[in-house]
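The data blocks that follow each hold one structure.
In what follows, subunit A forms one complex with subunit B and a second complex with subunit C.
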Partner chain A sequence: MPTVKSLDDLKKIREEALKKQQIKETSGKTEVIVGMGTVGIAAGARETLKAILDMIEKDNLSDIIVRQTGNIGLDSYEPIVQVVLPGQEKVTYGKVNPEMVRRIMKEHVLGGEIVKEYQVES
Partner chain B sequence: MAYFRSHVLVSVDPVCVEKGAYKLIDALQDELVKQGLVDEVQVLETSRIGDPETEGIDLMVYPEAVHYTNLTLDDVPYLVEEHFLKGRVAERYIRESEAFTDEELSAPQSKEVRIVLKNIGEIDPLNIEEYIARDGYMALGRVLTEMSPEDTIQEVLKSGLRGRGGAGFPTGLKWRFIRNADGDEKYMICNADEGDPGAFANRRVLEGDPHSVIEGMIIAAYAAGSNKGYIYCRAEYPIAVRTMKTAIEQARNFGLLGDDILGSGFSFELEVRMGAGAFVCGEETALMASIEGKRGEPRPRPPFPAQKGLWEEPSNINNVETYANVPQIILNGADWFADLGYKKSTGTKTFSMAGDVINTGLIEVPFGITLREIIFDVGGGIKEDKKFKAVQTGGPMGGCLPEAFLDLPMDYEALAEAGSILGSGGLVVMDEDTCMVDIARFFMEFTQDESCGKCTPCRVGTRRILEILTGICEGKGKPEDIDTLRNLCDQINENSLCGLGKGAPNPVKSTLEHFLDEYEAHIYEKRCPAKVCKSLIRFEIIDGLCTGCTLCARNCPVDAITGERRQTHVIDPDICIKCGICEQICPYDAIEIK
Partner chain C sequence: MRELALHVLDIAENSISAGADEIKIRIEEDLSGDILQIMIEDNGKGMDQETLARVTDPFVTSRTTRKVGLGIPFFKAAAEACDGRLTIHSFPGQGTTIDVIFKHSHIDRMPLGDIVSTLQTLIIGTPDIHWIFEYQFNGYAFIFDDKPIKEAIEGVPLSEPAVMKFIREMLESGIQEARENGIVKAIP
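Now for the complex of A and B:
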């Protein structure tokens, strides 16, 4: 528990508290969901997830939430990545490797255009 | 900047720390390193999430907003693997996170301005960080580092803030009295004994934004030179009491209460005292007696609390809402606050709106707004398209104002002139079906019941008024009753010891003034124009509309209705108990109240 000893301490706590509030705020953000079932991990979902996180970090992207999910029943298409733009339907991509991540992030997550050739019907 | 896909907020409430919260944080960190997730998941501390007594060590995971409770060190590897590696919610410990909702407070209407209510429903009252994130305690920081006590008093005086408990005394002036008074110890008291039936604004502030009251009290204590404070809250508000106690504890843990606050050298301690629910304990001298452990009865003033209050020392008493305004005044400036109001009443006022109005509930409006705007714009008008008859402001000791007063700009002075009070902000709207004599009797029943009995005018006088009003409602009114009532009202008002007795006659006085015709109808014609007083009405079946369906006769609980099938029925007035069931169930509207 931080103890506030001065006005500067208080300001620091306010900054941290504001950051925590942003963490809690999820509305209006784009969700990128990676399938992390046993099959997904075996097929390389960890590398796919890492590629997504790397890109967000390097390009300093904001308002994106990266979630994980379990097996969604499309084993042969793993690793699975799903993208949900605010207020839109979920789009599912299959067999996503780190190279494909770059294109999905650039064209769909940032550009709003679905990358049709990677898409699978779920 | 490092990007983390997931954030874990671990509660470091003192109870959780006692149970090993920091050990759990270390174990979490180690496990994240072990499973290669340390760059993806960030562990943070937060002041409180659930109830640590029942939920043990707990944490929230975002963005999923999943709440894990009662965690032990052994749970950590499983939790990290399931949730953070595999992305599955580890169901063994999950408890659905409760969305933070507020059912008592709806979205602000167009004419509302929210200062006191601004955080309510927006922040988690049990988490001090959420208050701090919204500039909480920044006003205190400013006061303690940049302003002298005299500067603080000046700023509050300039803002024009007046006591929201109803009396409307300038808050800054009160603080200055305490500052200049001689005493070994000076006390800050928060009056949270909200006893008016139907008023709940203070409760919502205590439950929804407890730190605004605490911060206001610390600032007031600094200005007035006090180091000890009490929040006097009625025991019927258990959630408010619990919330305030938790909030005080958190503020103390953060170093915002206690010794040497923010390194300024100023110290202040605060505790909650509970009242047993006597209405009179909202009166300041009775309230102080109750804190001292004595019988809650008022005493004559002077000496005023500012000279000799709690334990004979100078004491400042402000209402919950008054204190809650203070941080906002310091943050936004006295001029901002003063501009919001009207004449000598600055800022906003909360009202608990009840009765025959469409949008009942809690509102906050700037002074100067008219009653018409409150009732018809904010309140949405009268229910079922009925006609407005009267509005009672200020709780059971307020006056009932008729339509002629609706365009009056609301402030302390205008209401007092109209024969009512602002009080703690109760607002009861009445439609055309309300009997004003019956209403006066109803409020007198309340004040008579709550009179502490110490002084004769209030104890005996309110009882006499109640007897006369009951008689009038029962059709036993005598012509001289009106003069007797007027006389009693003046006597009680002039000679009672405290505000309860002084205010008790207001509903009678105001209805006698504005609705005298209703009293006269009851007394001379033995008629209740609103058809409310049971002794003065009778139920009759209209010949021609009645089809003789026998429904009323079969449902009458006292068998007062007779008649052949397909013939008009008749009600025997000697047997009828006027319960109104027949009128409600008749499918042909053939029953008339006369």
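Now for the complex of A and C:
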């Protein structure tokens, strides 16, 4: 039988996360946005977003906000991922599959270097 | 789209676009009645009769509204191909409810697919929306409401790794448990 989790577990998670946050307070949060319109979904946007979530969970990456948005307006480049580092311009990536996610996360989100090969004009 | 879960995601996106701040997703599998039913209910801005007619008919879509409801005709066709139907109840200012029924055993019925990924996408990707999910299997229900979770983690984002793990495991085990209990119940 799977264990039923309680909200008390979440309170412990919250306390630990807040402790980590206080240390990093000044650096701000990185945002990763995935376009989730009909065209995006049909092109695999859910799997792209899922790969981002899985990597955050598996590699224990805090201070990244993941959002989804409706149609970004670049149908032919779906799935679209946008990365916004604190205080920097939004960078748009096109036709992002789960394998590309790993590189974007590692090089851009964590390393601060834009992955130029995957970049599209938005 | 090859999974019902992807259609659910697409329909829920319409609810988000309609400005809803509370969205309920209900999926029921009833093997004895041979029915798979999906309901998506939102408190968004709703639609007038003209828009309603447009979103269900792929040939009357005007350019300006192309982006909203693009997936509804496909979902409707998929349901109708499986002895089912798709109905929309909507009224300006009163939100929209989409009700889709499939014959569960129909050979052309798409699999439910990865409903956990669909829910994760919605819950974590749109933290300002109150999400309620109900899954029923042969009368056994699992209900997920993200409000108490958000209250318990106040000040911590939903994309915090441990929070995401909590939500994922809660959804996975809840759905699995409803299925296991529902199957036991179905055996006479």
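Simple rule for what comes next: the second predicted complex is superposed on the first by the 95 of 122 C-alpha atoms of A that agree within 3 Å, B and C clash if a C-alpha of one lies under 4 Å from a C-alpha of the other, contacts with A are read in each partner's own complex, and residues count from 1 in each chain.
Simple rule for what comes next: a contact is a pair of C-beta atoms (placed from the backbone, for glycine too) under 8 Å apart; a residue touches a chain by one contact, two chains touch by 3 or more.
None of these values were measured; they are calculated from a predicted model.
Novice: Does the superposition put A:K5 against subunit B (first), subunit C (second), both, or neither?
Specialist: In the superposition, A:K5 contacts both subunit B and subunit C.
Novice: Which partner does A:V34 reach: the first (subunit B), the second (subunit C), both, or neither?
Specialist: both
Novice: Figure out whether A:A42 sits in contact with subunit B (first) or subunit C (second), or with both, or with neither.
Specialist: So A:A42 only meets subunit C here.
Novice: Once the shared chain is lined up, is A:I13 touching subunit B (first), subunit C (second), both, or neither of them?
Specialist: Once the two structures are laid over each other on A, A:I13 reaches both partners.
Novice: Which holds for A:G70: it touches subunit B only (first), subunit C only (second), both, or neither?
Specialist: Once the two structures are laid over each other on A, A:G70 reaches both partners.
Novice: Go through subunit A and flag every residue that touches subunit B in one model and subunit C in the other.
Specialist: Dual-contact residues (subunit A): 1-5, 7, 9-11, 13-14, 16-18, 21, 34, 36-38, 41, 49, 53, 56-57, 60-61, 65-68, 70.
Novice: Spell out the part of subunit C that touches subunit A in their complex, as residue ranges.
Specialist: 1, 6, 9-10, 13, 16-17, 67, 70-71, 114, 117-118, 120-122, 124-127, 148-149, 152-157, 159-166, 168-170, 172-173, 176-177
Novice: For subunit A, which residues count as touching subunit B in their complex?
Specialist: My answer: residues 1-7, 9-11, 13-14, 16-18, 20-21, 23-24, 26, 34-38, 41, 49, 53, 56-57, 60-61, 65-70.
Novice: Mind listing the subunit B positions that touch subunit A in their complex?
Specialist: Going through subunit B, the ones touching subunit A are 1-3, 5-7, 9, 12, 14, 17, 39-40, 44-47, 62-65, 84-88, 129-130, 132-133, 135, 137-138, 141-142, 144-145, 253-256, 262-263.
Novice: List the residues on subunit A that touch subunit C in their complex, please.
Specialist: Checking each residue of subunit A against subunit C gives 1-5, 7, 9-11, 13-14, 16-18, 21, 29, 34, 36-39, 41-42, 46-47, 49-50, 53, 56-57, 60-62, 64-68, 70-71.
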